[in-house]
Structure formats: C-alpha cells, structure tokens
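Shared between the two complexes below is chain A, which pairs with chain B and chain C, respectively.
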Partner chain A sequence: MRKNFNLNFLYIVPALLFIFVFNLWPIIWGVVLAFMDFRGITLTGKWVGLENFKELLNDERVWQGLSVSVKYVLYSYPFTQILALISGWTIAQLRIIKFGKFYRILLYLPVIIPVSAGMTMFRALYEQNGYLNIMFLKLGLPAVGWLTDPKVALYSLAIASIWRNFGASMFYYLVGFYNVPLEVKESALIDGASLWRRFWSIDLPSIKNMLFIIFIQSAGALTGGLAEVTALTGGGPARATSILPYYSAEISIWGEQRLGYAAAINLFLSIFTLILASMVIRLVKVEKE
Partner chain B sequence: MIRTKLFKRGEIFRQQIFMMIFLSIIAVVTIFPVFWTICSSFKTIQEIYSLNPSILPKSLNLINYKFLFETSVIDYKMAILNSIVVSITTVVIVVVCSALGGYGFSRVQFGYRDRIFNLLIMLQFVPLTAGIIAQWQIMSLLKLRDSLIGLALLLTAMILPSSLMLMRQVFLSIPTELEDAAKIDGASTFQLLWHVMLPLAGGGLILVAVNSFLFSWGDFIYARTMLTIPSKYTLPVIITVSIPTTPATLRVATYGVYNAAALITALPAIIFFIAIQNKFYEGAREGLKG
Partner chain C sequence: MKRILVLFLVLIFITSITNFALPAEQKVIKLNAMGWVQAEWPLKELAAQYEKLHPDIKIVYEDVGIDLKKYQQLVKEGKFEWNAILGGWPASDTAPGFISGMFQPMDTYVKKSKEKDAPLILKDMISSVLAESKFRGRALSSLPITIDIDALLYRKDILKAVGYEKPPATNWNDINTLAEKIAGAFKPRGIWSISTSIIPFHRGPAAIQQTFTKKPFLPNGLVDVTGDGMIKTMLLLKSWIDKGLSMPDSMWYPFPGDAYAEPYLKGQYAMFVYQHSAGIWAYQTIGKENSGLTRLPKDIAGGTVFWSTPAYLYKDAPYPQEAVDFLIWAFGPSNEFTWKKIFESGKLPPYRTPYALAKNNPDWAWALDMLAVLEEATPIPNTTNFGAQLGIIRPWAEKYLSGQIKDPLEAMKGAKKELDKQLSKLIFK
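This part shows the complex of A and B:
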C-alpha cells in the first residue's frame, strides 16, 4: 500500500517541477528580493530591510508610474467591460447559431492575435502620416500625434488595449449568458418581455456572480498592460505611458539591473492592488445589501 | 390570436436584424486594423504614403514580403525558426506533463493532492509582474536566459496550471465503469492511463495543445525580457524591435513591411484558433458550469 502511494505521486511530479522552479519559486523569491539590494546577475545580494521601500516612497517616478497606471485602467477597463457585456449579450440573443458563431470568432480575434502583432497594426494606424491622420485631414481636422503627443498617447494606448482585451471578457459574459437556464429564457419570451427588460431583469441578474468578479478584477487590472506598453509606446513620449510595471522592468531587466528595488516596486503595486481589491469587495457587499 | 402571434414574430425578426447590424458595426471596427494590415502589406511605398490612399491595394504586390525575406538586414527567417522551436518545445512538454498531472489530480489518490491542486488554482491569479524580476534572475543564474529551450521551459511553467485544471476536468468527466473493468483485469494505474483514459481524452489534449501553442507562439513579454541576443529573437519580439523610431521618410522600409511581419506572426494563431473554436466554447461552458 505504501509503495502504491509513492507511485501515484509520481504523476504530478514533472508538472510540479516546472511550476515550482519557474513559477511558484520566483513569486516567493520576488517577495524576499524586495528587501534586498541586488544588482546584476550575482548570487549575492545584501539584506537592506525596508530601505527599498523608503526609497520608492520618495521616488517621483514611482508615483508618476502609479498615476499613469490608474489612469490607464480608468480609461480602458470600464469601456472594455461595457463593450464586452453588450456584445456578449447580443451574440447570446441571436437565434441563428451560425451567425452567433461567426460574430464570436470575429470579436475574439484580437485576443488570439499575438499582442505585439496587434500593437504593430495600431502603430501603423497611429503613424504621423498613417491612415487615421489622413482620415482626420480629409475631415478637415488637424493631424494628431497619436503616439508622439504626451497628452494623447495614453488615450491611444487605452484604445488599443480595449481593442485587444474586450474579446476575452466577452468570452466569459457569453458563456454566462449561454448558461442562463432555457426555462427562464422561454418564460420571458412567452410573457412578451421587452428586449430591455430581458437584459435588465433576467439575463444580467443571472450572471451576477460573474459581475462581482469583474468588479473585483478591476483592481487587478492595475498590474496589467506591460506587454501593450512595451510593444506600442515603450513608455513614451515623455513617460506619458510609463505605467508602474513598465518602470520597474525599465530599471531592472532592461536597464540598471536594480533587481531588489524593482521587486520592491512590484510588491508595492501588488499590496496597493490588494488593498484596492478589498475596498472594492466591501463596496460591492454594501451594494448587495 | 394568430394575428398577435404574427405581429410578435415580425417584431422578433426586426430585433434580430437590429442586433446583427449592431454586431456588424462592432465587428467591422474590430477587424479594421487587421484588414488594413492585410491590405497595407500588399501596397508599394507610393501607395502607402499617398495622400489619397485607397483601402484596397492596386494589385497583390509581394514587394514587402520579398523585402522581409530577402533584402532586410533583420533576420526574419531566423525569428520564424526560433518561434517554431519555442512553440513546439512548449507544446510537447505541456501536453505530456498535463496528461500525466491531470490524471494524477483526478483519478489516483495520494497525500496533499487537493491542497496542491488548490495552490495551482491560486497561482493563476498572481499577476505576471509579481514574478518576472525573480524569473529573470533565476533564468540568468541557470544560464537559461538567451536560450530558446530555456524560454520554452519558463512558458511551460506559466501555462501548466491552467492546462492541468483542464485535463483534470476532462479525466473527471470520463465515466468510471471502463476503469473499473480494467482494474478487475489487474491493470496498473499507468496502464489505465495509457490504454483506457488517454484514448478517451483526445479532445481535451488537443485543446491543451492548441492553448499552449497560442500562448507560446504569441508570447511577447517573456521573450522580450529573457532574450537579449538578436539572433535568438522570436517573431513577436523582432516585429516590435525592428520598427525604428526614426521618421517614416528616413526609413529603409515602409510600415507595409512591418505589417507583413505582423501578419505572418498573427496568421498561425488565427488558423489554429478557428480550427478549434467550437471546442473552445464548449470546454469553457462545461468548465464554468461545474
């Protein structure tokens, strides 16, 4: 019996080995790293206690990065979710299954397209003499420096980010709406409930739990966007799109290799996100009552 | 009675048409950047920078693709090869590990099994930024940075938790009767997996394979951080670093070339996704129900 126990454990060993070395351990080590001074690729770092955190609280760029991150989420997340919710619901209402399939493939494509390819597409549209500006000129509007004007770049980034991400959320809404029990849907149809009422008082309440998760995740969105920023703007112009995760990568991996300090910034962001998430949870709970 | 029914049917018909128009508008806007990219990749430099551009190219001009593969100093061919190496390695390891692991988490018993599984579920909610600095350091120390196989191992570890969950679900949905019959015949647990379970889990394995392919082929941020030597760049990395920040007039290549490169990057992902998209939704529907 004992031998059997050991053998059974072996099935998960290969998977666990990979996950431990490259996924779980880095997360744990990342927390330790935040309290150390590590520069470059050495085995030895110095324990510095809370020094990194003291430094980051006085680092102007950390606060600037945090404010860019918050703005980035405010500009993109609500619109991503509203677009996802409306399009997911509408697809679920289509009677002809084939059409529903067709639309859900098309709207999911931006999620499937590798992020750097998608952002390259937007870079072409956003160019100084790219298609968007030519359309603007034709309409008699002045050309916009989509990626060169610090006042505009964050909006351009948000648009590209909405384009890339709304399909993923739509997928969850769509699955949720598909799972609304058939009896409920049919009884509403027989009652002759209007489209709006069906949405508001039947379908939306039935995915209530999913909506709570979406609200809570809005805080988690703060830690996202690194790939989009790196591929589309590189943090520029004039740091206007330098979200906090980008700043931390900039001073460690792509720059001065201040690993400890960067890890501290990421830990700071994670804690900030957790506090925000718990506030959102409390808010949602109050709403619920 | 009949009249009201007819009236209702007409209204439903109108609603459906209205919804399709609405969805079509969203779809057109969503697809436009992709469509524009496809068109631009076939345009000459004069067409691209003309002040009166037409959306469709004048002819299927392959000049941008020729530049990409023949003239360009940036080695796109090498990048394609690198991407293939990374994706295939990742897919193979993920499929093997998640078939074994999914079976381990669903059909056999051992201590702490469910606790370990709960940990894996939690891992998926940890943001990428929490681990990336330490990952970079660990990869450096293991001499796996700048190595394609090393990148594949890292990507494997990142996609494995969700793949394990999926395979576990697949194995749990297989009825136990078959297994019991084989057990009575004295089959070992591994024989059960190999002869009974795996043939029935084919659909799930395909889903895991395509998922991990989409993840590794499209991965940008890990490749961008772990690979520093240009000859090791994968396709998603090379298409962003090759776009110079110099003004368009000073460039050797137009954005038609970059669009062609973006298209080559996107195409395999799109094809694989469309091939399995039905399974994709059904799998999620079942998974979210439970």
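This part shows the complex of A and C:
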C-alpha cells in the first residue's frame, strides 16, 4: 500500500516541476530582482534593499502610469463584461433555437487571433486615412485622431481591448447559462414570462457566483494591456496611453536595462492589485451575506 | 621483386604528390549577419569571390541573435564560433557591447592586415563617420559598412509644377516659402506640403536641430534639448502645423516598424524629412521619375543626423584577424563591385573614394548631395542612454506640438529634467 502511494506521487512530479519552472521560479526571481540593482547591460546586480521602492514612490511616471492603467481598466473592463454577458446570454438562447455553435466560434475568434494581427486590423480602422475617418468624412463629420489625439487615444485602445477580450469572458457566462435547467426555461416560456423577466429572474441569478468571480478578476485587469499598447500607440501621444506595465517594459529595455527597478514596479503593481482584489472579495462576501 | 619495388616507389610518388596538392585545412569564418543586412549587402557574392582568392577560407553567414547571456554561456562552454556581427547601431550598441565585454577594438587587426585597402581604412573614411566609429574617441570600435542619413525627400513633379527643380539648400525660410506655394496649389487636391515624424526622433527633429546648431549634444552625450537648436526646431515644426502645411497629428502617428515615412510613400506629402533611403523606397510607389532626395537646407549649421550599420568584432572571436581581413577586402574603399551594389540598394558608403562612382552615374547623383552634408554632420555620441533619451523627449515634444504646453522651452525643460533624472541612475558613465 505504502509502495503504491510513493509510485502515485511520482505521477505528479512532472506537473510539479513544470509549475515550479514556469510559474513559481519566475515569481521568486521577480521578487528577488525587485530588491536588487540589476542591470541587463552586464547581467550583474547588487542587493539594494528597499532602494527601488523608495525610488518608485517618488517617480512621477509610476503614478502617471498607474493612473492611466486604472482609467484603461475602467474604460474597457466593465464594457467587456457587459458585452460578454449579452453575447453569452444570446448564444445560450440560440441553443434552444439554431446556430449557437457558429456564433460561439465567431465571437471567440478575437481571443485566438494573434494580437499583432488583431491590432493591425484596428490600425486600418484608426489610421488618419483609415476606414473610420473615411466613414466620418462621408457623413460630413470631422476626422478624428483616434491614436494621435491625447484625449481620444485611450478610448480607442479600450475599444480594441474590449474586442479582443470579451470572447473569453463570454465563455464563462455561457457555461453558467447552459447550467440553467432546460425545463425551468421551458416552464417560464409556457407561463408567458417575457424575455427580460426570464433574464432577470432565472438566468442572471443562476450565474451569480460566476459574476462574483468576474468582479474579483477586474482587479487583475490592471496588469494587462501591454500587447495592445505596444502594437497600437507605443504609450503615446504625450504618454496618454502609457500604462504602468508599459513603463516597466520601457525601463527594462532602455539604456542600462534596469531590470531590478522594472521588477520593483511590477511587484508594486502586483501588491496594489492584490490589495484591490482583497477589497473586492470583502465586498463580494458582504454582498453574499 | 623489381616490379614490386617500382610499384612501391610509384605509389610513394603518387601519394606524396596528392598529399602536396591537398589544400590546407580550411578555416571557417562564421559571421553573425542580421537578416536585413543579408538582404541589403551583396554578402553571398563577396564570400564566393573571396573564397576563390583564398581557398583556405570559407565564409559562412548566419543570423543567430546572440544576446549577452547566450554569448557568456557559449564562451564558457568553449562553443563560441562566431567572429563578427554584421548589423547594429553605434549610437545604442557600441557602449553596451564594450561595457559588457562582448566586443573588442579593431585597430590592431586593421594595422596588421595585409589587404591592400587596410592603410586606407582610417585615411579614406569620412571624418564624421570615423568619429562615430570610435568608442569614446579612442579605439576603432566598429567597422562601418553602410551609412543612412536624414534628408529632405521631395516630389519632383509637384515641385516642378510650382517652378522648382529641387528644394533650396539655403535655409528653412526658403523651404517654408516653397511649402506655402505648394499648399496654395495642391492642398485642395489632398496633398500636404511638408512634414516629418517625431516618433523616431533621430530621423526628424534631431536632424533639423543640426541645421540650427553645431553643438547638438551636451558633453555627457545627451541631446541638448533646451539649447537654441532644439527650440528653433520645435518652433519650425509647430509653424508647419499651425499654417496647415502638415497633416494634423501625422507627425506623431505611431506607424508600426519602419513605416513612419508612409504618408510620403503614399504620395500624400510634397516634402518630408526622413531617412534618405525612404526616397529610394518611394520609387516603388510614386515612381523613380517623381521621387527625389536632397540635403536638408544648410541654414545656420548645415548638419543632419546619420548613422552607420557596422561590423563589430566579438571579443572571443576564434579568427579575429581573418575576419577583419575579409571585411577590409569586401568593404574596403576600392572594392567597386561592393559600392555599386550598395548605391543600387539606396545606401551610402562610409569612405570618400566610392563616391567617384556616383559622379559618373546620374541615377546616384543624390549621393553627392548626401556626401556634402555628411561631412558636416555631428555623430550621435556612443552612450548607453540614446534610446532612453528618444523615449523621454518624444512625449514632451508631443505635448508642445499638440498644444498641451504652449512654450517649447517649458516642454523641453520638462524633458531635460526627466533626462537628468534618468542619467543619475546610470552606473556606466
């Protein structure tokens, strides 16, 4: 019996190794780096304790980056979820009707298309002589600097982010909606419940737990957006789209490649995100009780 | 017995002859050539010609993307096989390469080389290019192969329509007069007069800055952003926007990759300040007969920005002398085959001698304009902070040009403050 137990344990060793090498080790190394002055130019570093954190607290770019990150999440995340919820629910209704599978694949496509390809499409839309401005001009409206006007660029980015991410969230909702027993839905239909009533009183309550998870995940969205910013705006114009992860990426590429400072910025962002997430969890708990 | 003896002697004779005729062990000179230089330079032909002259040498090009970590590891394991890297940018690669100990100076190998062009390398090299190729003014840190330079690209057909053969080389006021004439005639047809891109800062504003000042850099290597040259540059760019000569916002549109000259390449501009080779790329879109390129106007100082694409010698190169010999033979001033191919590809030689080829070929006449301005240009200092500078200056320039900050000096002081802060964090000064 004991021998069997030992053998069984061996089965999970590859998975544990995988988790350690690709998940745990980068986290541990990232935390260690945050306390070092490590320069990529020579791949050498020294222990500096809390120096990086003192520096980042006085770095205007960090606070500006954090503020842009928060705005970016506020402009994109809620709309991503609303769109995901609506499309998930609509497709769940189609299960009773037809074409559910087709729409499921269609709406999930942006998630599996490479970011570069997706953002190239958005460039074609956003260019000064792009499709959006051509349409605006034909309607007699003035052209918009979608990626060049500091007041507009972050919204343009948020729209691209919504398009790219809502498909993944939609699947969470879809699973929730699929779990609502068909008999319940059919009884509601027979009882003559309106579409809105069925959504509000049957479907939405059944995915309440899923909604809480999505709500908690919103804090994590702060660490995203790097691919979209890099592909579309490069942090510009006038740093209007320079989210914090983008600034830390710049630090690790620029000049002497201060990987230690960049790691400190990311650790700071992670701690900020964790605090935010725990606040959201507390809120959710209160709501549940 | 006699027969056996004769046979034996014949065998000895044949084997000794064959042994004598066998070539010595071939040295394989591996060069890490970046993909884009393999496309631009006639590397394969040069290797074939050199191998005929030197049967004991085999030249191999590979694009192996060696970073510092990989380099150190391969050296430690005794597996490092590459001699030089072809490609890179002195402004941003020389200092890190020497600080990290990946590259070594080339002076000694050039001096020792028996190639006939070896004594010409330093003598014939254009002085500004030579200055760029010396790390901190001392060792020959890289061997420049081709040059890119910021120039004024122009539409010959549009200029002709308003009575000009080419943009005046005098000053920016004369260029502005021409730009306004073009606006009067062509703006209704959707063609704008003049612009640049500020995102690759060195390909636009930094080049214009050198027409206004002979001292574009501070002693620490930073761009003098608050100096008279940069302030005049900012005022000039803003005047293009305010007078409606530039398409709104196109100056800081984040085109991907190398596409910042796209509005010019699409035929939307009559004049555009950018890397000279974009004028050659425009042959494909607006036609060879319509695309011209010339120097930026002399104005006060007559300079521009340029950069070489060089070869660096690895510190642990297995055949450093042989690699340098090949590079001198292949890219030395007197190798006409190379320079004809380089002119055809739209690039420039770093030596004076090859420009004689351009004198005899009207298709390459633009290169002579470029030579004149190249002699007057100030090289970008080799530091570890050039890329960081561009990233820091650009957003402040955008703040001024988009009207968020009204005073160019105030915007540039903001950039300077941030640059100084960045510089204070550097270890390798």
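As a convention for this text, the second predicted complex is superposed on the first by the 256 of 289 C-alpha atoms of A that agree within 3 Å, B and C clash if a C-alpha of one lies under 4 Å from a C-alpha of the other, contacts with A are read in each partner's own complex, and residues count from 1 in each chain.
Note that a contact is a pair of C-beta atoms (placed from the backbone, for glycine too) under 8 Å apart; a residue touches a chain by one contact, two chains touch by 3 or more.
No experiment lies behind these values; they were computed from the predicted model shown.
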| query | Of the two partner chains, chain B (first) and chain C (second), which one does A:Phe9 touch, if any: first, second, both, or neither? | reply | first
| request: For A:Arg39, select first, second, both or neither according to whether it touches chain B, chain C, the two together, or no partner. | output: second
| task | Return first, second, both or neither, reflecting whether A:Gly145 touches chain B, chain C, both chains, or no partner chain. | result | second
| Can A:Pro181 be said to touch chain B (first), chain C (second), both, or neither? | neither
| request: Based on the superposed arrangement, let me know which partner A:Pro26 touches: chain B (first), chain C (second), both, or neither? | output: first
| request: Have a look at where A:Pro237 lands relative to chain B and chain C in the superposition and call it first, second, both or neither. | output: second
| task | Figure out whether A:Gly255 sits in contact with chain B (first) or chain C (second), or with both, or with neither. | result | second
| task | Classify the contacts of A:Gln128 with the two partner chains as first (chain B alone), second (chain C alone), both, or neither. | result | both
| query | Thinking of the overlay built on chain A, is A:Val115 touched by chain B (first), by chain C (second), by both, or by neither? | reply | first
| Winner by number of chain A residues touched, once chain B and chain C are compared | B
| query | Which chain A residues come up in both lists, the one for chain B and the one for chain C? | reply | 41, 43, 120, 123, 127-129, 231, 253-254
| chain A residues touching chain C - in the complex, by the definition given at the top | 37, 39-43, 120, 123, 127-129, 143, 145, 147-150, 231-239, 242, 250, 253-256, 258, 261
| chain B-facing residues of chain A, complex | 5, 7-12, 14-16, 18-19, 21-27, 29-30, 33, 38, 41, 43, 83, 87, 90-91, 93-96, 99, 101, 103-110, 112-125, 127-131, 134, 137, 163, 167, 171-172, 174-176, 178-179, 192, 195, 220, 223-224, 226-227, 230-231, 245, 248-249, 252-254, 259, 262-263, 266-267, 269-270, 273
| field | Touching residues (chain side chain B, partner chain A) in the complex | value | 8, 12, 15-16, 19-20, 22-23, 26-27, 30-31, 33-34, 36-37, 40, 49, 51, 53, 93, 96-98, 100-101, 103-105, 108-111, 113, 116, 119-120, 123, 125-138, 140-141, 153-154, 156-158, 160-161, 164, 189, 193, 214, 217-221, 224-225, 235-237, 239-240, 243, 247-248, 255, 258-259, 261-263, 265-266, 269-270, 273-274, 277-278, 281, 284-285, 288-289
| request: Would you tell me which residues of chain C are touching chain A in their complex? | output: 68-69, 72, 96, 99-100, 199, 247-250, 252-254, 256, 268, 384-385, 387-388, 391, 394-396, 398-399, 402, 404, 422, 425-428
